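Per-chain numbering from 1; labels A, B and C assigned in written order.
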């Protein structure tokens, strides 16, 4: 990415970023950066990332950021926001962090309508640890812990996070699923999420993303998997009450 | 005696903890060091409820102890439960009424949380006749107070534990009836306000228990 | 804002209420808690008192959340704390290890209950090792072990000050007895005793970059190479060692030429002190040592006490050698004449029992 196309709130000193070639994280973080730029929130945003690939974003922005434990980004941001409500709290995590080890925190924050914005990157695998099955791994998808393809009879069906949270959130909370295939649409969703936070409500945006390293896919196959397989199962949408 | 180690035991719901706490609070108000510790956990809920109180002019050591100077048993079951605390120098106060206090099963979860005496009819249903006065050769002195009988006959079944507390005050002597009354008024402020008769009833019960040990005292209640 | 305590007010209350009032007096701003016996009343009192003093409370979904939410609050310079026990202390190890690594001054009150597992809700001293060294690291923590309501009040207040001054997570280690018993203490306003405000400040924020006491812009606890971690740990460990002499506290009763040193901490320290004082009145040459800080452990003071006690000690605790291990480690290189133990894991210990255990 050229200097000029970077969001203003990106920290130039930590670029080029540390994600693998073809990884979708950079695009999600670009959408987030653009949303923050457009809402002019860089002066009051705190960004926290999980463990997993999301941790590589620990110094991604010009605003304060920190890296926490696996699954615990949500409660850290809940505490920070409660203690200092003027901050815009962004919790950034992967699908393992949000839907497995940290699901209890995610659901509880949604139930309490904690005014934070959670951005969850769904790339269907535990990537940093070497490509294990995630709650989001598609039926039949091969990973290191589903080497013969995910058997839904034995391991259940892939989780649809925003749809799940819809059952518990406040009517004015914001829930959406976007994709790195449509960065501007994703940015818009994140913007709405941040606005919901400013209005005092919980917001959650799942971003469908890519992991060619663990999918072991070529550039074209990566994009095809994102748009076809993932797009078929996980519908890009706003989930409003 | 310059300090007291007291064990109070009874059935869950007989007001054991409130009684012990009031005694300790009265001693604190009287300027002494005082320590009250409940045996909580399963026992507080339906089994034998036990509390320890220490009163001393000096700093108090361990919150629990092996032998008590005074053991108070409010029910038949708590007589045996407190045996371990009774030694050669122990004074023992127990309720010698003919009415057996209710024993509440640990399994009856729904009845666990209250801290007042169980309904009278419940006690009646489980009434039994005691075989005679408790005999223990090892202890210093045994004081039988038919508190539940007296309460039922002369006041109200609910205040039988106040009769016992009055007797304790007469034995311990480090606290006065007035201090205990103040402690009770503080602890039961809301209930006394809601029902002024309750205050009167409790204080009369205290006086009655005190006189059982110390002899008639002529003071305005 | 109303004062949290009238000056030098003698009061009679449970230890859990003492903790809540101490946290208020110290200026704690937020409590994140999760129910577990025997610490529940800390939350109850805090929740009732907090609105009067504009303090916050959140009951979280579990202890992990309570711990991490504390860290979030602390990062923005708020004085935050929690309280827990037993299996809750186990869960607290995860946020507390992050606090160690990032030097986040969170305060946690632990009211020990019986273990392992759910065991009893009543009492033990079995959370010593967990509280001192429970994380996946080096135990960069301050741990105060109190023995009376007065100490519970004094050291809860002190915990907030020391945590923020030295930036190590700090524990006040009580137990179920201290939690539930009632005794007298003096409540006071820390400022009336010349204590300033807790030196809290934002640790994560816009100003500055690294060091110089200014908030950091970016914080992490994951590192790519061993050497990077080693350098940070070296600094943390050096800070801890440097602070130790200012942090270590103990109580000693005795004089040179004794035959035995009785060592106990927390509530058992009261029984041990009373037993030793009785024996000394009878002319027995027995000394008494009680570490008030278990981490850092008052090592030099223990060695001095041992030198005055024929290098013989009797360790008494309601655990199977958790204090005993700390004492052995701290006793120095010179061999001990005697190392006697009176261990009662999960069970209270009386003055009478300690008297019996002392053989001279």
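Observations on the model:
Criterion: contacts are C-beta pairs under 8 Å (C-beta built on N, C-alpha and C of every residue); 3 or more make two chains touch, one makes a residue touch a chain.
What you see is a predicted model, and the numbers here were worked out from it, not measured in a lab.
If you sketch which chains touch which, the chains link end to end in a single open path, with no loop closing it.
Of all chain pairs, the one joined by the greatest number of contacting C-beta pairs is A-C.
If you average the Cα atoms of chain A and of chain C, the two centres end up 39 Å apart. Computed centre separation for the pair chain A/chain B is 62 angstrom, with centres defined by C-alpha atoms. Per-chain CA centroids place chain B at a distance of 36 Å from chain C.
Residue positions of chain C in touch with at least two other chains are not found.
Put simply, chain A touches chain C in their complex at residues 11, 43, 46, 48, 51, 55, 58-59, 62-69, 72, 75-84, 87, 104-105, 107-108.
Residues of chain B touching chain C in their complex: 21, 24-25, 28-29, 33-41, 60-67.
Interface of chain C with chain A (complex): residues 29-30, 32, 56, 58, 60-62, 64-78, 80, 94-95, 98, 102, 204-206, 215-222.
Residues 12, 38, 120-122, 176-177, 180-184, 267-268, 270-271, 273-275, 348-353 of chain C touch chain B in their complex.
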